[in-house]
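Please find the structures below.
Presented sequentially are two complexes of chain A, the first with chain B as partner and the second with chain C.
The block that comes next holds the complex of A and B.
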């Protein structure tokens, strides 16, 4: 390199460094920080509803009405796709940019409360007492989230398939016993009209479906993902005799040829197309059941020993711990829980309205209505997923164990390992405050 | 059919059969996507067990495409991705080639060490430094004009720049350019220096014009990840109007997955990439052959 070019480069470097220092120094006096989930009189609201125009429309209507109802605050909606919503929230929490208002899937509430993402909600009992219990997100006896609705699981079946093999069509009042369920499956398989007697819907690789979908069967056997008395161990609950019986039962459904080890990517579409006689699915598919006309029925899960169980808890609303206008956010939440919005949500979506008051206003959901089944089922059989901050680890461990069981692994060894892994995680996280 | 000298008379047909088989193997997913984008969900699944899955038969319509535009602001997302990818590619070509030029042509202390450090960063996957990067971009300054007065703001979240700037400098691109520059005889630089050319002019008028294949490779290898960005935009972008196309895919993963509209959206976002590849197919294959990159 020549002397001339060397000196030119030095000059350029010096000038660049000088500009950078000047810029940095000048910036010191005018630095701006944003955060707190609000800006001026504007509150930001995050929802998981991008890609779900019906639910998003209701949220937007609530926000529009709220903004028009008063002058002090304006709420601004930012919608995220459900599939990646949690990643966005966790990233925002990391950078201290959580919005004031956000929705959260029920099983995440304890974790987000423990991680100080959320603040307790000071809502009056007159409001919370009306709600279905499964729409209240609590952690250590404090309310952190509240929902407009709940979801429910059911066995979707062809009535004709059951009656044609001499089976009884179960009801919420008189569900199938374990023995009746087994007999019905055996007869359906023997009849051979449908390639699959009962599709468990194992094609969904998402972790939460495996916990939401199959842990209720475990609880119906008398087991659980964790000991809920202490929240300090999974031993006994996840690998005791009841849990092992559940694992063998679940595995038996596959080994016996009643259910595929891996369902198609859309088990409900397969059911509608006549590939299965019954499918384990959720309320979100109840609209598609109408394709079968009067032959399509919703049935409760079987009583496997400790009563039929389904998962409880869906999306709920919360206020971030970093919100700098919590009283305004709470005001919005109270406004949004008005009956007319719960009604609108249940009308637009296949969801269970959060209050009896809202259900009574909807013919489908009132006693005797076409969808009332789900509300009764939720009231009687819903079991919340364990309310511990350790739930994300619990659910991923349980999902893996269940996948291994369905794949044909040694049930006892799998559950022993899962219980040991969960206990190790609980211990290394100081039992998440329990 | 004539056979090649030394080859059997069957080698030609067998080779063609293998080629056709491979072409089908790679084309089937795209054909399935395009065909399924025209069918209702029920039919997609009903056709799965037969060859009908790859044929536009049954109830064919553009309903899924209409549904796409009701569910996702697909036009906006496409435009965003085109802008983001284009800027990342252009700035990436300039910055990385300049860095490689400095490493390859300018003689300065520890240039070998710097090159080794640059190459070493290739071993670190993005996921391992995504969170630290998020922390950094949330602290970085930016100059904005407020009422005509320049004011510093801090935090790049929810902007276009946060989706471009962190991905301009790329160790692999620097290494590719460095390798390409090393193969260009230094005598050319010296001849240019004798004629009074500056380093900038040598870079611009001697070295870069001789590095076409490397530039094509860098452009393509920068474009594809920029187009496919998913995790990073999820972490740093909150406003819908700033999101790229890949984030749009997750709009369809509701509890009730709508497969038809998802296939329609996948077709929409694949076609620009496919068109680009077909347009630059010759340059792409040429650059891969010349640089030995199978990225």
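The block that comes next holds the complex of A and C.
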């Protein structure tokens, strides 16, 4: 009924949610709510992984160990389902009820730092230097968030499919060139053993997969979502000759019949079931690859001009700007970055451990290990999504443009429109402080 | 909710007592007024908080550059949002799609609902069974229905299998939701299927208000079934008709859930609607001010259309 008011409803909803959260917090806590994300000597911690028991268990273990390790502070975990996590944080921030400690998805860090949700982390270089670069959430050269792990993308393939058509199996040291990749696809299609030569995984209608999954190809061509020198325009980066070449390449994969315009809801399952020879997917599916035995391999993306690229940045931890005990929160973060917790994360989940010393403690991740591929890939090819507060607009616009390109629209017209939309958003926001 | 009910009951009790004691009508009425206000309070409060306040906010925000997440205070920017709207190709496309949907759905859905109502009303046996069957999609969440149909519309989904079976493999069927020319018709078919039961029930209630004597008299006059429909049933459904027209139109214009679940406005913007665009701009892109402007224009459009419909279907006597 009140469709007209959905957008403005947000404010009221935010306030209501804030009140609800405050009531819940007061109801659960033993001490009185004093605001500032902590009460008495209690620090509240919010996490997105209520739907992921393995990850939540590690977080709870860290908190338990920390609470036992000292007498001064007690950390309390509140887990949210991932779908409603971001809106809960925005609602809580609106009503100044953010917890001291919270986790954030990497591309949101600049947006939240810009909006004064987060405070810079004063962590020693000895700690941060050990971390994979893509686990550090920075904005304007300041560190705002730090992660226990990262994710990575790869081409998952059947080795036999490639070798049977005379193709070369690429490695991180010697990835496919654009030409080699094209030849392999053509041969795979001609052989006809698999209905789909290379499934791009376009069945996901959500936004972030489209940016995380397909912008690395754009960067490999030499384009980008925004000009990263200035962060003041998308013109040239998103609609220059390199970007148009990317759009035509991507559209060509669909038009040429190598990849479906709309993949099945689970492209990886289709791959395991023999519908496709190769699929573009992420480390989160690597557990299912074992169903193919030795024939299932992980391959780096092709070098489309500027070297192979994959997305970087996963969930990271931050401290809210309204936290009234930042030193205690920082103390907890330092404690939690201990090697044994990074090891536990990588052990229980399909994620890349954030440091080499953690990787060395895990046979799969040590040099020569079965999963080492992802760590090497992440080190060499990971490209962070643009670290600008305007990212929510960027990703939404880029995702729609990519969807339109895959659906067969006019590449140049789509990219020109997307670049113009982004530029008008940037200028109407005073370039987000750049 | 309990408190007002109890107080309301007390209020009525008092009125009864004062009525018995003397004819002090004035004090009785004032007590009644007070009780009435108390009873209306919960509904009024909810309306104010969830309808009036947001609508007023929407009017104000539409003229500002308010952001969902920003440290900078929002400022008044006059008509800039509306100017931008005029030059936004996606807005015009969304508007066209919204009208396309409404222009097809309103007549098709109301006519189909009437046919179903007449069929269900006619047969005495099995009426309840059919009524329940047609009503099941209505009580199912639209999100669940959308997810199921998304699977059914796939290239190798149920719809295409059915088409092949019925046509002995001569029709192969499209990838319905991935094709710009079939996506909207596919959503229209599904939406009509989902909502038709609701309007069937309303038509049914209208049919049951028509006195049986009228049909008997018409039958004695030797009329055909078609004449009975045209001269007895159709005029008898006057008020029901207006109600159905207005509710279907408003529901059709505010198409959102199906789009959000099934296509995200794609492919090539062929299923983007005004409400979907407003939500996308307001939440994904965090442009609260611009989203409010879209909502305001949408509000004005729906209001105008409803008023025109009221005018056209007014009681001419």
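Note that in this section the second predicted complex is superposed on the first by the 400 of 434 C-alpha atoms of A that agree within 3 Å, B and C clash if a C-alpha of one lies under 4 Å from a C-alpha of the other, contacts with A are read in each partner's own complex, and residues count from 1 in each chain.
Heads up, the rule we're going with is that contacts are C-beta pairs under 8 Å (C-beta built on N, C-alpha and C of every residue); 3 or more make two chains touch, one makes a residue touch a chain.
What you are looking at is a predicted structure, and each value in this text was computed from that prediction instead of being measured.
Asker: Figure out whether A:68 sits in contact with chain B (first) or chain C (second), or with both, or with neither.
Answerer: Neither partner.
Asker: Kindly classify A:92 by the partners it touches after superposition: chain B alone (first), chain C alone (second), both, or neither?
Answerer: A:92: touches chain B, not chain C.
Asker: Is A:273 touching anything from chain B or chain C once the two structures are fitted on A? First, second, both or neither.
Answerer: It touches chain B, and chain C stays clear.
Asker: Touching A:407, do we find chain B (first), chain C (second), both, or neither?
Answerer: second
Asker: With the two complexes superposed on chain A, say which partner A:265 touches: chain B (first), chain C (second), both, or neither.
Answerer: both
Asker: Show which residues of chain A both chain B and chain C reach, each in its own complex.
Answerer: Residues 1, 5, 264-265, which sit in both footprints.
Asker: Please name which positions on chain C make contact with chain A in the complex.
Answerer: 49-51, 53-55, 57-58, 61, 65, 67-72, 84, 89, 151, 154-155, 175, 177-178, 180, 254, 256, 262-269, 275, 278-288, 291-292, 294-296, 298-299, 302
Asker: How about chain A: which of its residues touch chain C in the complex?
Answerer: Residues of chain A touching chain C: 1-12, 90, 93, 111-112, 114-117, 205-207, 260-262, 264-265, 389, 392-393, 396-397, 400, 403-404, 406-409, 417, 424-425, 428-430.
Asker: Going by the contact rule set out above, which residues of chain B touch chain A in the complex?
Answerer: Touch residues, chain B against chain A: 41-42, 44-46, 48, 70-72, 106-108, 131, 134-135, 138, 141, 143, 151-155, 157, 198-199, 230-231, 234-236, 238-240, 247-248, 250-257, 259.
Asker: Help me check something: in the complex, which residues belonging to chain A touch chain B?
Answerer: So the residues of chain A in touch with chain B come to 1, 5, 23-24, 26-27, 30-34, 46, 50-53, 78-84, 87-88, 91-92, 94-97, 151, 264-266, 268-270, 272-273, 282, 284-285, 288, 291.
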